[in-house]
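Got a structure for you, questions after.
Read from first to last, the chains carry the letters A, B, C and D; within each, the first residue is number 1.
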C-alpha cells in the first residue's frame, strides 16, 4: 500500500523524524486558512500516488494566504498521469541549504534493506542510480539488529553529507524505525533538507507498506484509499484474485503466477497484447472461474479472452463449468479460447463439446486463435 | 520506578495482553460507581508499592456495588507496611480455573532477562524459588532477538501449563514486548489466569522501569508518584545524590558507592548502625558537600554523622569548606567525625584546625568516635 | 540418487491437524513419503490417521525431534503470519531441511528468518510461497500434483509452481523424467535459490541436465548464470517468464517485480546468453532443448 | 609486564572534544599514556592540543582506525544514552580493548551490547560505570587519580572506583605496587568481570598476587571463587563491601543490589572460604593479608 506524502510524514513524525508543519486541504479555502495560520511561505503539494508531481505542475510555492488559495485552486482537480488531484498538502516552506537523499529499499541481493544515501537529493534517485551510481552510498542493514546510529553516521560521512552529523544520523535511524515498525517495503526521505539554520528536516517522504503485513498495522488501515486503485483491481481484491490491469486488449486468466505471466508472453509472441493479469490461484472451483470471467468481461478494453489452466489441484471440469455458467448467463460476450491440461481434462472436454467455446491443446494455439479473433 | 498494578496492566494492555476490566477509585463512592457499571463481582485491590497486600487485607472481593463501597471504604486509608492506601483498583472478577506465574527478571548470570514460568501462580515466586525451585522453568532470552512464540510455547510445555498453548505463548510474548518496549527491569504476571471458559488473562501484574532509561519513555513519566518515595529520597534525587534511607542512627556521607558501602560496614563493625547511604559522587565541590550535610541533618533519626572521603578528583579542602559552611550556618547540629584522605588533605586540615570538627586518619577511628558520641 | 530428499527421508508435518496440513500429509503418504510425525501446538498426544497409518502428533518440533531423532525434513502448513515462527522453531529444533509453502508472509519476517538461518548452516529452508520439492517415485515433500512427475535424470529448479508442473508433465510426455524437482518459490526473499541448488545437481551422479525456470524480478538468474559459466559441468536449459510484464507491477508473485532496471527479462536473457545457457522461448521449447542437451 | 595495557599501548579517546573527554585525555597524556587519536562525530579534521602535543580528531572510530591501524584501545567519554552506540562503534571498527566509563546506561542497552560482543571474540569491553584500568608507570586508560598508584607486582580487580584508589594508596603506603589495576565497574551488566581477568593475572609473570574487591549483588564473586579453587596458582586476597546493606535497596551502584537470596555478602564470603581465599574484614586488613601472601 502506497502512502501519500502527508501520510508518510505523519508516520515519520510519530517516530521522531522532524518534518515541516503541514496540513491537508481539499478546497482552496482550506488551503488559504492553513497558510494564514502558518503566516509564512508555504508549499502547496498535490497528493497523488504517482511520481513526477513537480514536473507536472503539482507542487507550487505560495507567498501568502491568498496566493495559497490560488495555487491550491490551480492544483486541485488537476490531472497528473491519469489521476485527479483531490487534496493538497499545505506545508510550511523550509529554507534549504542542502538537499540530500536517504532511502531504505528492500534489496533482494543483500536479503535485507539497503540504506541508500546521496548528496544528489530532491531528484529522482533512479535517475541518479542510472547516470551517476557512484553518487549513491549503500549499506545493507541487519534486519534483526536494525540500523544503529554509528552505522548511520559512517554512511553519512561516506556519502559526503555536510551538516550536523548526529542529527542526520538520527533522521536515518528514525527512518529505519518507521520502516521496520510499520513493515514498509520502501521508505524514502527525498529531499532530506539541511536548512540554512542547520536543522535537518524531511521535506518530502515516500513510504510503501507491505500488504502482507497490514494485519499487524490496523492503525494504518485508515490510510488506505480505495478510490486511488483501479476499480477492477478493487473488485478483484474482493474476490481474492491476483489481478493487474494492463494496457492491451486480451483478457488473460490462468492458475499460478508463472503460468499467467507466461500466457502474457505468449499473447505478445503471437502479436497480441494482454489487457490484464489474472491468477485464480490453486484449486479454484467453478464459482471462482465464473467470477474471473465476469470480472474480465467488465473491462471495456478486452476484445478477447484467453483461459490457460494447468490442472493440478485445480480440476479442468470445474473450470469448464465456470465458463459455461458465464456463457449461459450471457456474461461471456467476447471471443474466448481455452487451453486446459491436466486433472479432469477429459471431463472438461465432454462438458464443453457442444458449447461455442474453442479448446486448444497448447497455450500457443489458444493464444494465436484468440488474438486473431479479437482483431476481427 | 515501580508501577502500580493498574499502571502495569495499562501498559500490558497497550501491548495486546488481555487484562480484566478495571478502573481506579479514590473514594468508596467511586468504587461503587465502577462496580455498578461492571454489574458483576469485582475485586477491590489496594494500590501500594509493597508486596503482600493480600495477606494484609488489601485485596477483597465485592459481590455488588454496595459491597464494593464497603470494601473500598475498608481498604482506602489502610496502612500496609507503612504505606497509606490512597487508591484502589476496582476490577471485574475473573472465573479462575488455573493460576500460573510468568515473569521476566533481569538475570546477571545469563546477562539478559530470564523468563520464569511456573504452575505455582498467585503466590510469592521467591517463596516458590526457595522451597520448590524445580517448579520454576527458566529460559534466557536473547536480548537482541527477543522472545519468540515458538520459544514461549516450549517453555509453557516444559513448565506443564495447561490451557490454550497459543494464547499462553502470546501472553508471554506480549509480556516480553512490554518489558523490552518500556525498558522494564522486572515484568511479572502473577497470576496468569486460565479462566473456566479457557481465556488467558493477566489477573495481576508488576512492572519496574529502569530509571536509567526513563529519558526514552516520556509517556511513563505520568506514572511517577513522588509521594510514594521517602521525602528525603525525593530531595536527594533533586540534588543528584545517590541516597538510601536506612534504619539506623548514624548519617553516612562519602564519595563513591563502594566507599560509602564500606563505611556502613565499618559503622556496624564498631557497634553502630547507619541511618542512610549518601554518595556525593566524584569531584564534589563545597556546595554539594554542604547540601549533603544539610540533607542528612534533616533526618530526625540521625544522632551523629560520619563523613568519609577519599580525595581523588574530589578535593579534601572542598569537602572541608562545605562542612564549615554547614557548621557556620548552624545547620550542622549533630556530632560529626570526618576522615579525609588523598588530594588536598593538608589544606583541609589547615581549614579545619580551629573548628569543632574531629578529623581521623582512618575510617575505623572516625566511625568509632562518632558511634560513641552518638550513643551519649 | 537425487538431491535433498529420497525414499529414506523421514518427514515431519507442522500443522498436521489443520485442514491443509491433514490433506497434504495424506497425499504425501499416498505418494510414499515417510511422514513419521506431525506437530500442532496444543494437539500433542493426538494421532493423525490416514491410509491405515497412525502418525503421532507433538506439541512442538522439539518434542517431535526428541521422539524421532532421525527426522530429516519438515513441511510447514501454517498461516503466513505464523510461518516465520514455525520456520525458526524447526530450525532451532535441528531439522536439516525445512519446506515453507506459506504464501503472503511479511517481507520483514522473512528477512529476519533468512538472517537468523545464516547462523545455522546445517539448516536449509525451501520457500516460502513454494510448492516444495519432489524426487519422483521416492519422496514428495510438497503440495504438487504427483501425477505430473516422472522419475529420471533431469534436475529442475523453478520459481513458479504451475510452470514446474507444466514443464514436468511435458518432459514426462516426452518420456524424460526428473531426478529431483525443487519449487523454490515466488517471493522476493526465499531460503534457497538457483545458486544454492545448481552445485548439488552438478555433484549428483543421477542428474544429467538441469532445467531452471526463472522469471522477472531480482537477480537470482543472473547470479546463477555467472555460477554456471564458471562451474557447471552439466547442461542447463533456462526459461524466463514475464518477458512482457510492465515495470513496477507485481505479477502475482510478490517477487515478480521489475524495480527500476533491476529484474528485467532482458538482463536475465543477456546473462544466460553470456553463460552459454540456452533459453527456451516457449514452454514447448524447453523439451526441445532438453532433448538436445541429453543427446536424444 | 602487565595485563591488557602497557607503555606501548596506542589509545583512542572517543568524545575527546567534550569537556570530560578533553580533561581526561590531557590527564592520560600527562601520565604517559600514548593517546594518539580522538574521535567526535562532526569534529573530524580538528586537532586536540594538550601538553605540547597535537592529536588528530576523526569523525568516527573507523576513520581513526584507518589512519592508525595500530590502535590498541579506546576509552569512551559520551553520555550514558550514547554509550552503547559508541561501544559498538569501537567494537565493529576492530578496537581490541574498549573502556566505557559511562554511569547510568539503560540495562537493556548493555544487554544488547554484551550479546553482540559475543560475536566479536577479539574485542574486550571494560565497564560501563567504571574508572578504567591502569598499569602504573606505563599506561593509564581511565579516570583514576594517578597519584595513588605505584608500580609493582600485585594485580587488582575491583567493582568499586573509590575502593580501588583507597586500596592502591594503602598498598603504595606499605611500599607494595601493582602490576595492573582494573576497575570493572559497578553496573549489574559489565563487559569484563573477575573471572575474565583472573586467568590473565594467573598467566602474567609480573603478577605475584591478586586483590579482588567485590561487593554485594550478583554472583560474580562466587563464580570467581570457584574458578580460583580450580585454577589459580597465585594467592588471591578478597574484600567484600556492603556486608550490612539491606535487601532490595540499590546501594549507589546499580549492581549493588541483593535480590531475594542472590547477591548477599554471606554467599560471597562462604564461596571465598570454600576456595580458601582469605577475605579482609576491613580495608586495612587487605594490606595485612597481601603482605602475608607475598611473604613480606
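Just so we're on the same page, contacts are C-beta pairs under 8 Å (C-beta built on N, C-alpha and C of every residue); 3 or more make two chains touch, one makes a residue touch a chain.
Keep in mind that what you see is a predicted model, and the values were worked out from it rather than measured.
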Q. Which chains contact both chain A and chain C?
A. B
Q.
Using the stated contact rule, I'd like to know whether B-D or A-D comes out ahead in C-beta pair count.
A. B-D
Q | Centre-of-Cα separation between chain D and chain C, whole angstrom | A | 53
Q | Inter-centroid spacing, chain D versus chain B (mean Cα positions, whole Å) | A | 28
Q: Measure off the straight-line distance from the CA centroid of chain A to the CA centroid of chain D, and report it in whole Å.
A: 55
Q: Send over the residues of chain B in touch with two or more other chains.
A: 144-145
(Q) Going by the contact rule already set, what residues in chain D reach two or more other chains? (A) 116
Q.
If every chain is a node and each touching pair gets an edge, what shape is that graph: line, ring, star, complete or other?
A. other
Q: All pairs of touching chains, please: list them by chain label.
A: A-B, A-C, A-D, B-C, B-D
**Q.** Residues of chain D that touch chain A when the two form their complex
**A.** 41-42, 44, 59-63, 82, 85-86, 88-89, 92, 116
(Q) So in the complex, the part of chain A that touches chain B is made up of which residues? (A) 144-145
Q: Write out the stretch or stretches of chain B touching chain D in their complex.
A: 105-106, 108-109, 111-113, 126, 129-130, 142-144, 180, 183, 185, 210, 212-213, 215-216, 242, 244, 246-247, 254-262, 264-269, 273-274, 277, 279, 282, 310-313, 341-343, 362-364
Q.
Give the list of chain C residues in touch with chain A in this complex.
A. 80-81, 104-109, 111-112, 114-116, 143-145, 147-148, 158-166, 169, 186, 188-189, 213, 215-220, 241-246, 249-256, 259-261, 281-284
**Q.** Of all residues in chain B, those that touch chain C in their complex
**A.** 145, 148-150, 153-154, 157, 164-166, 169
